[in-house]
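To start, I am sharing the structure in question, which I have written as C-alpha cells.
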Amino acid sequence: MFDYSKYLRASKLPHIWCPGCGHGIVMKSILRAIDKTGWEKDDIVVVSGIGCASRLPGYVDFNTLHTAHGRALAFATGIKLAKPKMHVIVVSGDGDALAIGGNHFIHACRRNIDITTIVFNNGIYGMTGGQYSPTTPDGDRSSTSPLGNMEPEFDVVKIAEGAGATFTARGTSYHVPQLDNYIHKALMHKGFSVVDVIEACYTTHGRVNKKKYPSNIDMLKFQKDNAIPIEKAKKLSEKELEGKIITGIFCEKERTEFTEKYQKIIDSFSGGEK
Amino acid sequence: MTGSKFEFIQGNIACAKGAAYAGCSFFGGYPITPSTEIAEYMSEYLPKNGGKFIQMEDEIASLGSIIGAALTGAKTMTSTSGPGFSLMQELIGYACIAEVPVVIVDIMRGGPSTGLPTSPAQSDLLQAKWGTHGDHPTIALVPSSVEEMFTETVRAFNLAEYFRTPVLVLGDEIIGHMREKIRIPDPGEIQIINRTVPDNSGICPLPYASDSGKPACIPNFGKSRFHVTGLNHDITGFPTMDPAIVARENERILAKIYEQREIVDKWEEIECKDADILMLSVGSAARAAEEAVKTLRNKGIKAGLFRPLTLWPFPKDTFVKYAERAKYIIVPEMNLGQLKTVAERFTKRSKIIPVNLVNGEPISPEHIISVTNYLNI
Amino acid sequence: MGEKKFLEKIYENDKCKLFIRPELCKGCLICIEFCPVKALSLDKKKLVATADNIEKCIACGLCELRCPDFAIYIEKKKPKGE
Amino acid sequence: MKYEVRFSGSGGQGIILASVILGTAAAIYENKETVQSQAYGPEARGGASKADVIISDEPVGYPKAREIDAMVCLSQKAAKKYITSLKKGGIVIIDSDFVDIPESKKYKLFKLPMSSTTLDKMGKLIALNIVSLSALVSITKIISHEALEKAITDSVPKGTESFNIEAALIGKTLAETAK
Amino acid sequence: MTGSKFEFIQGNIACAKGAAYAGCSFFGGYPITPSTEIAEYMSEYLPKNGGKFIQMEDEIASLGSIIGAALTGAKTMTSTSGPGFSLMQELIGYACIAEVPVVIVDIMRGGPSTGLPTSPAQSDLLQAKWGTHGDHPTIALVPSSVEEMFTETVRAFNLAEYFRTPVLVLGDEIIGHMREKIRIPDPGEIQIINRTVPDNSGICPLPYASDSGKPACIPNFGKSRFHVTGLNHDITGFPTMDPAIVARENERILAKIYEQREIVDKWEEIECKDADILMLSVGSAARAAEEAVKTLRNKGIKAGLFRPLTLWPFPKDTFVKYAERAKYIIVPEMNLGQLKTVAERFTKRSKIIPVNLVNGEPISPEHIISVTNYLNI
Amino acid sequence: MFDYSKYLRASKLPHIWCPGCGHGIVMKSILRAIDKTGWEKDDIVVVSGIGCASRLPGYVDFNTLHTAHGRALAFATGIKLAKPKMHVIVVSGDGDALAIGGNHFIHACRRNIDITTIVFNNGIYGMTGGQYSPTTPDGDRSSTSPLGNMEPEFDVVKIAEGAGATFTARGTSYHVPQLDNYIHKALMHKGFSVVDVIEACYTTHGRVNKKKYPSNIDMLKFQKDNAIPIEKAKKLSEKELEGKIITGIFCEKERTEFTEKYQKIIDSFSGGEK
Amino acid sequence: MKYEVRFSGSGGQGIILASVILGTAAAIYENKETVQSQAYGPEARGGASKADVIISDEPVGYPKAREIDAMVCLSQKAAKKYITSLKKGGIVIIDSDFVDIPESKKYKLFKLPMSSTTLDKMGKLIALNIVSLSALVSITKIISHEALEKAITDSVPKGTESFNIEAALIGKTLAETAK
Amino acid sequence: MGEKKFLEKIYENDKCKLFIRPELCKGCLICIEFCPVKALSLDKKKLVATADNIEKCIACGLCELRCPDFAIYIEKKKPKGE
C-alpha cells in the first residue's frame, strides 16, 4: 500500500471533484511518481491554472501555486528560471493548457525548460460546466456545441513535439500503472516534458452524450477499449487508428536544457547562482 | 564630485539602474516602444551579475513569469507601454490578491490602441488605478526626471517589498527617452527594503496571517510549504467563500496600504502655500507646469504646483489643503482630462481648468500660461 | 495538515486487509466495476463502496490504484511461512 | 544662459549619438545642466528626424527645445522641416554636399562640405555625425574641444575612439576654415 | 396577454435573446462563469438561424474575432466576466480608435483576480471606463432586471451601430442568473438601428470622413476597399503623426458620443424631485436601493433613487440637479466605493455616504436602511 | 513585366521599410501569386498584426486591416467565418505570428480555416529595434541577447503541422520564383495554409552580427548558400542539415475546411448564408 | 402577498430545475410577480446548494429570499445550513429517508419519505426534485396543481413529460397523506 | 490611389527596356549584386541603382523580381521576326 498521507493535505479532503472524476486518479499517479524520484517536498513546486484539474495543488503538500486561467506555465517558467534547483510540475486541464494557455505551452516546449507538464485531458471545460475544448472529439455535444462539435481536435503530443518538447507521452486514467511510469520518466527527464492524460468528465461531457458514454464507467471502458500502445500503432494504418488513443512514450530526446544553459552564461561572468 | 559617479543617461536606463540598485534579480519582459531600453539594459546587466533576464512570449507571460520568480524570493520587474500594460491587467489583480511584490513600469505613449508608438502621452493614469477587474489596491509612482526614474524605481521596489503588492512606475516617452545627468548613489546611500519572511520552515500553516491592516508575512517558495491562489482565501492561503473572511481580506489588501499613508505618500509642492493658481500635474507635463509657475511668479501672479510623485494612492489631504484656498486649479496633462477627474473629486471650492494635449507632442509652459491670461486673479 | 484521520471500515481475508473510508468514498463505482473478481459492491443506501465479498479478493490492488478519492486501499499480507 | 542645439538629418546618420556626445560633454565635463531628447517615427530610418540638446546654467524644466540657437542639418528634408524652429539670429550648419538652403538675415549659415570631406579624409561616411558635431562645437563654442573629445571617448564603441577623435579634428578644421 | 410571448428566463438568456432581437449574427466567445449561458444560448440560436457562433481560444481572440466579423457588416457580440474582461482591454481600445461597433457583455463576479467566480459583485464599473490604455470613449449600460437585460442589450447594439463604437453591458451574477418573467417584444416593436454605410463601391478614399462630432461612415469589407488600423489615422484611414489631425481625431471619437448625450443618456429616477436622501445605485444593488427608498418613504423620510442605465457617459446633469438639493447622497454598491468616486466628483454640496459590500453577497435593503438611521433628516 | 500598379496604393510608396528589407520582396511575390488566382480585389482581405511586416496592408489595394500585435489571425478568423466568400490572407512577422500571436496561430492550424498565413520570418523583432524573436538563431546577438541568444528556435513548419495545418511550405526572400509558387499554392489550398518565408533584417539583426552577416547582401547570400530543397534534404543526415534552411512544400493534405463544415450545419436548418 | 420558497439539497439533485418550474408556473400560469435565483460554489456538485423563488403580487425589488416561508430539504447538510433562514412559523419539507431535523414550535415540519417512495414508484431517483416540488405545492397551495403540470411540461426534456407529471402526482399524494 | 506616377529612367538594348525609378530606389544593392551579368551599378552620389552597362543585360528579370521597392523593372522585347 502506497502511503499518500505524506504528500497530502488531508484536511482538504474530500476534494471538490465529482464522483469518478479522473482528476483524482491522475493526482494519485503523480504522487506515486514523485515518491519514486526521492525528491524533497520543499524542493517541489506544483503549479496550475484555473479549472477543475487546476484545483489539484490545493491538495498536495508541496510549494503549491494556483495561478490564473492558462498562465501556469508562465509563472512556472519564472519559478524555474529564478530557482533552477526547484522541481517544477505543472498540472493543467486541456482548456487551461491548450486553449487559453496554448501560447505558453508551445514556448515552454521551445525553450526546453526543465518543467513537467501533465495535461488532464478530459476533452471538455469541466469547471465552467461543459463547453467544448480544443480536444473535444468531433461531433460530440457540449453546452456550446449543442449541434455537435464542429472543431477539429489538437493532438497534444504532436503539437508538443512540433514546438520542440523533448519528452512526450500519452496515458489514460484507466491504464494507471503505465501512467505512473510515464509520469515518473517525465519527471526524471531533463528538459521540457509533457504527459497527455486522456481522462473523462462524466458530469459535463458524458451526461450530454449518453449514447456514446452511457455512464462514467463506460467512459473508462472507452479508454480501455480504444487505447493502442504506440509500438502496436506503428504497424496499423491511419484508417485503423481512427478514433483510437495511442499511448506510450512518443519521444525522449536530449537537447540543452534552458536553465542550465543560462547558468553557464552566468558562471562565465562570476559564478554562482544568486 | 568625481566624474565617475555622474552619468548622462536616458530615463529608461536610469530606471533599469534603479532596479539594479534596489536589488532586482529577475526581469521578464516583452519589447515595446518606448520602454524597450529598460529590458535591453537588464538583458546584459542581469546575467552578468548572477540574475536572470527572460524575454517571454508576450506581456501576460512576462508578468506571470515575474510573479512566479517573486514567489521564490527574487525582486522582480517588467516594463512595457500601453498595449502591453492593457494585456497585463488580469495578472496585476492576481499579484494584488496573492500579495506578491513586483514592479511594473509603463512608459506611456500615444493611444488608444497602437496609437502613436513613438510619441509621449499620459493617458494611462487612470488605467493604472482601475485597469484590472475587481476591487484592488494600487500604488503608482510618476517620475518627472531622469533622476527620479532612478529614485522612484528604487522606491517602487521598496514599497512592493514592504507592502507585498505590485507597484507601478508610470513614465512617459519623454522621461523615458530623454537624457539628463544623474549621480548614481553609492550602495547604502538609499535605504533598501527587503520583504519580511517568517523564519519557520516545513509547512507554513498561516502564510496570509497579518496584524490587521498590515501586509501578510508570506514565506518564499523552497523553505516553507504553503498554498497561493488567486481565489479569495483565508489566512491559511486556501480558498474560502465565507462572506466575513472574504470581506475582511478584500478590505485588508487595500487597508494595508491606504492606512499607512505616511509610508506611501510622496509629493512635491512648489510655491503652493499662497497660490491663487494651483497647478496639479505629474510626470513630464509637470516640468512644463513648473516652468509656467516660475514665469507667472515673475509676473507677480501667485502660482504654485502640486506634483504627486505617488499618484496612487492620491495624496489628497495636502492637495485639498492648497486647493481649498486657491482660486483656480489648473490641471495640465497629456491626455483628455484624467487628473482633472481627481481634482474634481477632491475639491469642492475652486474652479478647475484643464490643459490637455493628445497630439503626440508635449505640453509647453506657454500653453499652460496661455490659459491663465483670462483668469480673474 | 497531513494529519487528519478518516473513519475506516476494514475487511480482511488471508491475502490482505482492505480499508474503505466512507467519508471519502463518493460511490463512483470504479473500484466495483473494475475489480477483476467482483469482490466489491455498492451500499445502495449510503452510496459508498463495500467489500461484502472480501473473500474473493485477490489483493491485486487495482481498486486502490483507480480510486480517485483515496477512499479504498489494501494491505497485502506476507505469504505465510516466509 | 540657456542654449538649444538641434541635430537633424535622416535615420541612420547618427544624429542621436552626436547629440548624446554633446550632452555628455556639457553635463559631465563642463558641469552644465543638460537635457538631450529626440523625436522619431516608424519611418525614421528614412524620414526626417531630430535630436536636441538644451544646455543651461539653471536646471532645465521643460525638456524640449523650442527656440533653437544652433542647428546642424544633414539632409534636405530635415533642413526644410526644422528650419522654422530656429531662433532669430541662430546658427545653421549644413552639409553642403547634400543640403542647400538660401542665405538669410534670419540666421547665420555655415555651408560645410562635410560628406565629401569626411569621405575624402576618413574613407567612409560613418563618422559624418562626429564631423558635424565637432564643427558645431567649434563654431558655437558651447563646450570646449577637450570636453568633446572626452565625451567621444566615453560614447563611441571601444576600439573606434581614435578614429572618432580624428573625425572631430576634421570637423574642427572644416569649421575653422569656414569662419 | 398570451402565454406564448411571456417567458420566465434567466437574465443571461434575456441578454442573448436581446442580441438576437437586435440582429446579432456573429458571436465569438470563451466560457467564463457567470456569463456562459449567453454563449451557450447563442451557440444554438445562431447556426440554426444562419448566423455564426465560434468559441475562440481565449478572450483576446474572442474580441478580435468579433471586431473582424463586424468589419464585414455583421452585428457582433461577446460575453465574459472580470478575468476575461481584463484580457479584452487592449482590443477594446482598438475598436474605439478603428470605430468598429461591437457589443461586449461583462457579467461581474467577485474579484480581484479569480476571486469568487460564482458570486456577484459590481467591481468592474470603473474598469469599464478606464480599463484600456489611452484616451478613449466609453458607453456602458447597466441593467437591473431580466427585462432590462433584454432591452439594454438591444439598446447596446443600437448605440454600437449608431456611434460605431464598442458598447459594454455590465450585468452581474445576480442579474445574469436570476429568472424573471419578461415579454419578448414582437419584431418592430423596438426600433433597431443599423449602421450607415456609404453607397460607393470600389475604392473608398475617405472611410473616416465625418461631419465634425459625428461618427465616421465606414463601409463594410467586401464592397469598398479601404484601410483600417489601430494607429492614429486621418480620414483616409491611413496612419498619420500630424499633431493637428491626431488631436482632432482623438477628440472626435469622444465627442461623437459625449456631444450627443440625448441619444446615449438614460436613467431612471424614483422619487428624486424632493429627495433629502438621494441614492445613486445601479444594477442589482439598485433593486435593494429601490426597496429601501419605498421603506423609507413609508416611514415618511424623503428618499429617492437615481439609477443610471447608461452609466458611461454618466448622466451627470440630471444627477447633479437632484444631488445639489439633497442633504445626503447614499451610494449602495457591491464594491469598495467606485460609484462613490463619481458622486464625489460631480457634487459639491452634499454628504456622501457609501454602502459597500464585497463579500460575495448582495446588498440588502436593510443594509442600506441601516445607514440612514443616524442621519440628520 | 508584371504590372503591380493594379494592386498597389502607389501614393503610399516608397514604403517605410529599410533599404534591402526582405518584406518588400515578399510583398511583390504575394501580389504576383494573388494575380495568378484571378480573384477579385473586392473579395480579398489582407490582415496583419503589428511590426514592420505588418505595415504591408497599407500598401496594397484590397480590403486591408492592420490589427493589434499578434492578433491578426483572431480578426481574420472572424472575417472568414462571418463572410466565407472572402479570401483572407494574413501577413505577419515572426514575432507577431509566433511570439505574442502563437496561440492564435496554432488554433487557426487546428481549425483548418481557409486562411493563408505568410510568416515574414526575419528572425528578429525589427520594428522595435532588434530584440531576439522565437526564430532568432542560437547564439546570435540582438539588443536583448547581447551575450548571444540562449533560446532555441521554433521550426515554423513543424509547429504548424503539429497543430494541424493542412498546407505548409518554406521559401526564402532570395529564391523568389519558388516563393511565388509556394504562395500561389497556399492561396489555392482549401484549408489553413502557412508559408514560412526566411528573410533578413540587416538594420537590426545583421548590423549587430557583422561577423556572420557583413552586409544585407550577405544575408541574402546566406539564404542562397544554405537553402536545401526538401526532396534533397530527405536524403541528408540531421548533422548535414544543421543550420540549413529546408525549403519546399512540406505538406498538402485534404481535411474538411472549417467554414464549409459550418455552412453545412447552417444549411441543414434553413439554408443560405446570411 | 409575498411568498418565499427555498429548495435545498446537494448538487445534482435537480433543485434548480424544481425552482425554475415553480417560478414558471407562478409567473406564466398564475400571472404572479416572480423571481427565481440560486447560489452555488465550485464544490456545488457535492456541497449544499439552494434555489429560491419569490412569488408576489407586487413587483419584486430585492431579488434574494431573506425570510423563507417554505423550504424543501433534500440533504442533511442543506437542512442544517439553511434552516436558520426560515421565517417563524414557516414550512419545512424534508426527505425523511436522508434528512432528520427535530420537531420545533418555530416551524411546521413535514417528513416525507420522498426518496424511497420515488424509487419505489418510479424505479429511479431522478424525479425526486419533481416529487418534492409537487409536495411543496400541495402543502403550501402557493400555485395550483394545473399550473404546476403546465410548467413541468414546458420545462422538462421532450419525451419525459408524462414521466414527470407522474412524479408530480406522487408528490401530491405523498403530501396529502402526510397532512 | 494606384494612380501616382513615378519618375523613370529608361535604359534599352535589343532584348529589353529597363526602367529605374530613382524616387523609389533605396540603393540596397540587391539588384546590382545579383544581376548575373553585372549590368547594374550604384550611382555613388545619388545612392540609387543605374544600368550603365545595359548592353550586357540579358533580360532575365531577376533584378525586378528581387527589388524590394518596385524601383526597377524590365520589358522584354519580342524577338525580331515573330
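For the reader, a short list of remarks on this structure follows.
To keep things simple, chains are lettered A, B, C, D, E, F, G and H as they appear, and every chain counts its residues starting from 1.
The working rule: contacts are C-beta pairs under 8 Å (C-beta built on N, C-alpha and C of every residue); 3 or more make two chains touch, one makes a residue touch a chain.
All values reported here derive from a predicted model rather than from experimental measurement.
Path length between chain F and chain H in the touching-chain graph (shortest route): 1. Across the two interfaces under comparison, B-F and A-C, the one joined by more C-beta contacts turns out to be A-C. Each chain gets a centre from the mean of its Cα atoms; for chain A and chain G, those two points are 41 Å apart.
Per-chain CA centroids place chain A at a distance of 31 Å from chain F. Rounded to whole angstrom units, the spacing between the C-alpha centres of chain C and chain H is 85. Residues of chain E in contact with at least two other chains: 47-48, 57-58, 60, 83, 90, 94, 113-114, 117, 203, 229-231, 239, 241. Residues of chain F found to touch two or more other chains are 9, 12, 14, 18, 50, 61, 68, 99-100, 102-103, 107, 127, 134, 147, 151, 262, 265.
Looking at chain D, residues 41-42, 46 sit in touch with two or more other chains. Chain E contributes residues 25-26, 28, 47-52, 54, 56-58, 60-74, 76, 90-91, 94, 201-203, 221-231, 238-239 to its touches with chain F in the complex. Interface residues of chain A facing chain F in the complex, by the touch rule stated above, are 99-100, 102-103, 106-107, 110-112, 134, 147-148, 150-155, 158-164, 255-256, 258, 261-262, 265.
Residue ranges on chain F touching chain H, taken from their complex, read 1-2, 4-15, 17-25, 27-28, 61, 173-174, 176-177, 215-217, 220.
Those residues of chain D that touch chain B in the complex are listed here as 20, 23-24, 27-29, 31, 33-42, 44, 60-64, 66.
Put simply, chain F touches chain E in their complex at residues 9, 12, 41-43, 45, 47, 50, 57-58, 61-68, 71, 74-79, 81-83, 86, 103-104, 107, 262, 265-266, 269-270, 272-274.
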